[in-house]
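Labels for the chains are A, B, C, D, E, F, G, H, I and J, by order of writing; each one numbers its residues from 1.
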Amino acid sequence: MALHENLKSLGAGATAYRYDRPDAGLLESFPSPFAQPDMNPAKAVGTLHIECPEFTCLCPMTGQPDFAKIVIDYQPDRLCVESKSLKLYLGSFRMHGEFHEASVNRICNDLVALLEPVWLTVRGEFTPRGGIPFWPTAEYRR
Amino acid sequence: MALHENLKSLGAGATAYRYDRPDAGLLESFPSPFAQPDMNPAKAVGTLHIECPEFTCLCPMTGQPDFAKIVIDYQPDRLCVESKSLKLYLGSFRMHGEFHEASVNRICNDLVALLEPVWLTVRGEFTPRGGIPFWPTAEYRR
Amino acid sequence: MALHENLKSLGAGATAYRYDRPDAGLLESFPSPFAQPDMNPAKAVGTLHIECPEFTCLCPMTGQPDFAKIVIDYQPDRLCVESKSLKLYLGSFRMHGEFHEASVNRICNDLVALLEPVWLTVRGEFTPRGGIPFWPTAEYRR
Amino acid sequence: MALHENLKSLGAGATAYRYDRPDAGLLESFPSPFAQPDMNPAKAVGTLHIECPEFTCLCPMTGQPDFAKIVIDYQPDRLCVESKSLKLYLGSFRMHGEFHEASVNRICNDLVALLEPVWLTVRGEFTPRGGIPFWPTAEYRR
Amino acid sequence: MALHENLKSLGAGATAYRYDRPDAGLLESFPSPFAQPDMNPAKAVGTLHIECPEFTCLCPMTGQPDFAKIVIDYQPDRLCVESKSLKLYLGSFRMHGEFHEASVNRICNDLVALLEPVWLTVRGEFTPRGGIPFWPTAEYRR
Amino acid sequence: MALHENLKSLGAGATAYRYDRPDAGLLESFPSPFAQPDMNPAKAVGTLHIECPEFTCLCPMTGQPDFAKIVIDYQPDRLCVESKSLKLYLGSFRMHGEFHEASVNRICNDLVALLEPVWLTVRGEFTPRGGIPFWPTAEYRR
Amino acid sequence: MALHENLKSLGAGATAYRYDRPDAGLLESFPSPFAQPDMNPAKAVGTLHIECPEFTCLCPMTGQPDFAKIVIDYQPDRLCVESKSLKLYLGSFRMHGEFHEASVNRICNDLVALLEPVWLTVRGEFTPRGGIPFWPTAEYRR
Amino acid sequence: MALHENLKSLGAGATAYRYDRPDAGLLESFPSPFAQPDMNPAKAVGTLHIECPEFTCLCPMTGQPDFAKIVIDYQPDRLCVESKSLKLYLGSFRMHGEFHEASVNRICNDLVALLEPVWLTVRGEFTPRGGIPFWPTAEYRR
Amino acid sequence: MALHENLKSLGAGATAYRYDRPDAGLLESFPSPFAQPDMNPAKAVGTLHIECPEFTCLCPMTGQPDFAKIVIDYQPDRLCVESKSLKLYLGSFRMHGEFHEASVNRICNDLVALLEPVWLTVRGEFTPRGGIPFWPTAEYRR
Amino acid sequence: MALHENLKSLGAGATAYRYDRPDAGLLESFPSPFAQPDMNPAKAVGTLHIECPEFTCLCPMTGQPDFAKIVIDYQPDRLCVESKSLKLYLGSFRMHGEFHEASVNRICNDLVALLEPVWLTVRGEFTPRGGIPFWPTAEYRR
């Protein structure tokens, strides 16, 4: 599977989880199969829908845990995000304090820098605090 | 978290709840992270979806309690509404008598005055009276 | 609550229900709060979504009972329909024989004549007869 | 189909619906196939579950319409209730004023008198009044 | 109810069901109330949504039964389809062998020929064969 | 409807809502129709299931609003609770501070004192605080 | 797979469907694996839950189609019912006229005669006629 | 049924399943009934919605099984895909290692080559790995 | 509210969250209102149902995050668990490595030691790993 | 985590999946924490609920793929089944031909032999074939 031969996370025996601060360096990409002419003679447009229901971080003012489902949609150009590296990246928010709007904005910007996609959106479906859920969305278009 | 350093409600030890009349002065804002160039180099557009399922006020003609889920969506320009201050603001309708349409209109106008957003909508999903639910929506666009 | 001071149905001690034929004269309106400049300085556009799951009339050919949820959506101009008067109006179909399409058409026309709205739709979600539900919709636009 | 040859309601061309008061005389029965030894050599025990989501009557004090799903379960002895006659019987409550508990009690007693079943229950799942649904159940056992 | 005085199916005492082949001659229409100026002074546009969850036919190659929910949406011009005649028409596919795509295409064409509607769609939600459901849709527009 | 002739709440033109403290004196009862031999010759056992999704009170330590669905089940002996008086009684908790377990215990004890039922249970399905819902239940049996 | 070597229906190239009357002769059985000591040294008790959502027959008085989900549960002794033969057997009711209670009773008795099970139940979840679903159940125990 | 007379898969007694690698040669087509003028005088536009919830392949790097629901939508021009041949084709991925994005891209390209449709989309709803589902979509338009 | 006057967590301005290891010392109790004769003259039996959907810990062998909903049911004797202290206690598993069965067993034992309840159960509804959710339950009875 | 120190599957870098035949030798166990007196001084009874929605095998007569959710419940005595080894064991049915009843019986017997539990049940929720799902259950009790 030549497209993935440089990936480090997937299939590795020992994974070092880092939990202290968001680390965009954990993200990895691979060449999009939609961008390979021999694999896609019909020139079909590819898109990805990704749901991460196990996101957690901390409230920056009270230190209490926050929980969310992070939903990502994008149209790749040359690159796709690798699945296990995305898991590690989202896990790196675990002990980090940040407001909902800032986390969603950060995830969007880190993925745009990695992938240079045609478009990409990130929605954070946070569970309620004080009985009220806040769900920020960040939408990038070239 | 410099963006939030002037907030009074969040994390405060003692909160004084006021229940007698809607008080827009309870609302607080903070600078939108989507509007900070260093935090958002991709210039992603931010939006917010907020659900408040625990809204209650009184019927102005009979005095009986009314219940609703208030749903707010908006695109911030420079400011976002702070979550705990929104809870206090919505709680201030508790002993106030007002028709469904007027409450939804009031919440929309109070948030527009606070945030000067790009657009903002408020929907009130009131529980049925006489077997019939009335759900008003107010839509603001610049 | 000056906007409602002429209403007869709401809060009245004794209500005379009439069940023999649809009576548009039962409908009452009140001034829309969205149309009051002092109440709506942001000029937000107001709309209403109303569900009436307890509608019943008779089949005009067999006399058997028919049941439906009537769903109304509209954008008021100067006037809103009052909730209890709408309940009485819909109740007045109880012993009346009329086909599904005609009832939905009638409710739409009666509300348009009362409210002169910007737009208004009525959908009748009738329960199945012979295993088949028929759901007519009437859409009015100025 | 000899078991049903005396039935009047089913398949009749013209049905006279009566809506003014509950009329147990509308109910009809037919011999239970579970009680015919040639049809049931295994001596299987038969039971029936019946749901009537289109029940409506009036409030005896205010005259306003009430709505319910009536759920009936029973184990027949010699007789089963015929389906169309049950529809006509429940329809006869349409313009009758009666409290929820009394209607459920009446339906239970009328069916027990007709069928002399081994056991029979009637539950009335009434839609809310004042935001509160009341669901009475009557349980008969020999 | 002058609009329906020529109907044969509805309310008739004895109905002759025919099950051997699709028979468009079973379909009947009546004048649309939306097209009567005195009934519709607001000139509301009428549409119909119809679901038929009890459709069954046979596989033309194996003879095994197929099952579907047929969903019909249309905007009538001068005529509406009568509900009981539609039931009889759909029942006439019962012992007929035809592929999914062809049945949906046939129902669409038969209804267009009967009603001359502004637009009309038919969707067949067939239950799975080999673990895979096939749902054809036919869309007619003038 | 002689069973209800002493009721004060139901159908009264003007209702005085009291919101400051739980007031068992607001509760009213009426004779159970299941206990009238002429109405219940089959001696069916009656039970009631009641859901009150619009309950709200205050937290006794922070003053913040709490919300719950109160679910009541009971088997009446001689008396049933009247529906509108139950609504007024539950509304009287609106500005009262009390822990979840104590409110549920109080409602159970007040209803047992009023009705002397065969058995009665009260469950409070409170919405989450700190992401965690607490649902107390009180079960009374003679 | 020696347990199944006498089966005729499964895997056969051409299946002759018969639709005119219920034919218990279509049913086939195979030895229960739970009854083979070498396959079940732990002496686990086996049971089967089977749902047949595509059952249809005719009303014996009007000829109109009836539809049901047939649900079968049983504890085999020496024999299990083969799946394709059960499909053919249930298909043989297609053009047969029979009341709901009688069909359910017949299916139960035919399966008991075939399998001599420890216990077996059949429930028929028929779709509504006249807005009312009737669901008979037959329960056999040795 | 002349349209299907060249089909090999449907109704064949013995089917040879191949599981080792995706084989586009398994796919078969038949002439679209929507493209036959005599069958479609109204010139209705036909579309197909197909769901394949039983798709499974292997991870190319770890060899572990992956599972998905494959959802296909298309507008045929002259040809439709035959249902049993599609099942065999999707089954041929069973022991094949391929990433999610590549499989969806492959299915889309194989169907476009077979059918030359007006448009066609393939979505793969893969079950989560590491708590995160990845759902690629490929969209072809002429 | 004398029953709660010794509580430390609830209403405190600054809460110190500890995340490194499960700390039973964080748990607090208060006297059960069901055990106070003046508050519970009917001697109703009290029980509690508690859901904690935001539980997270680490896998002790791989270090990857695990997520669960913890569900607790118990019948208090003299003491109830205080809600905010329970939140802090469950939060203290955040950076701790422990298998599912051991965590559930630990929570059950810690609560039994604190409350000496009549009975108490803990269920851990963990999200899937490798596509398979494991849900351990611990049941204590005196 | 001394209880797990002999496990081979969990956390291993390279896993060899075997797909040709069910292999009970792949199953591993670890000592139940409920059976360790120091970890469980309250002597709570532990049980496990496990769902495996990604099970697939082949039909032994036609070779077509079968799919199921396997649901396992048990009360461990001294041993629990390790989660990754269970995944590998269930994966080993992938290319094996076996009837539904026999697979469920086999899984139950293999787990009983491994764990010697107090009780254990296995249910196979197979997807429909011919429109009919068959769900066998095997129940072991000491």
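Going forward, a contact is a pair of C-beta atoms (placed from the backbone, for glycine too) under 8 Å apart; a residue touches a chain by one contact, two chains touch by 3 or more.
Heads up on the chains, UniProt names are A, B, C, D, E, F, G, H, I, J = NADPH-dependent 7-cyano-7-deazaguanine reductase.
A quick note: this is a predicted structure, and the numbers were derived from the prediction, not measured.
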Q: Could you compare the number of C-beta pairs in contact for A-H with that for E-J and name the larger?
A: A-H
Q) Can we say the copies subunit B and subunit C touch using the same residue numbers, with more than half in common, or are the two sides different? A) different
Q: Starting from the mean Cα coordinates of subunit E and subunit G, work out the distance between those two points in Å.
A: 32
Q | For subunit E paired with subunit I, centre-to-centre distance based on mean C-alpha positions, whole Å | A | 58
Q) Rounded to the nearest whole Å, what is the centre-to-centre distance of subunit C and subunit G, using the mean of the C-alpha atoms as each centre? A) 49
Q | Between subunit J and subunit B, distance of the C-alpha-averaged centres to the nearest whole Å | A | 50
Q) Using the touch rule from the top of the page, what residues of subunit F touch 2 or more other chains? A) 53-54, 62, 64, 67, 127, 129-131
Q) Can you list the subunit B residues touching subunit A in their complex? A) 1, 3-4, 7, 10-11, 32-34, 39-54, 80, 83-84, 86-87
Q.
Using the touch definition from the top, list the residues of subunit G that touch subunit D in their complex.
A. 60-62, 97-99, 101-102, 104-106, 108-109, 112-113, 128-140
**Q.** Partner subunit E, residues of subunit J touching it in the complex
**A.** 64, 67, 127-131
Q: Show which residues of subunit B lie in contact with subunit F when the two form their complex.
A: 15-17, 19, 53-54, 56, 58, 62-65, 67, 91, 94-95, 127
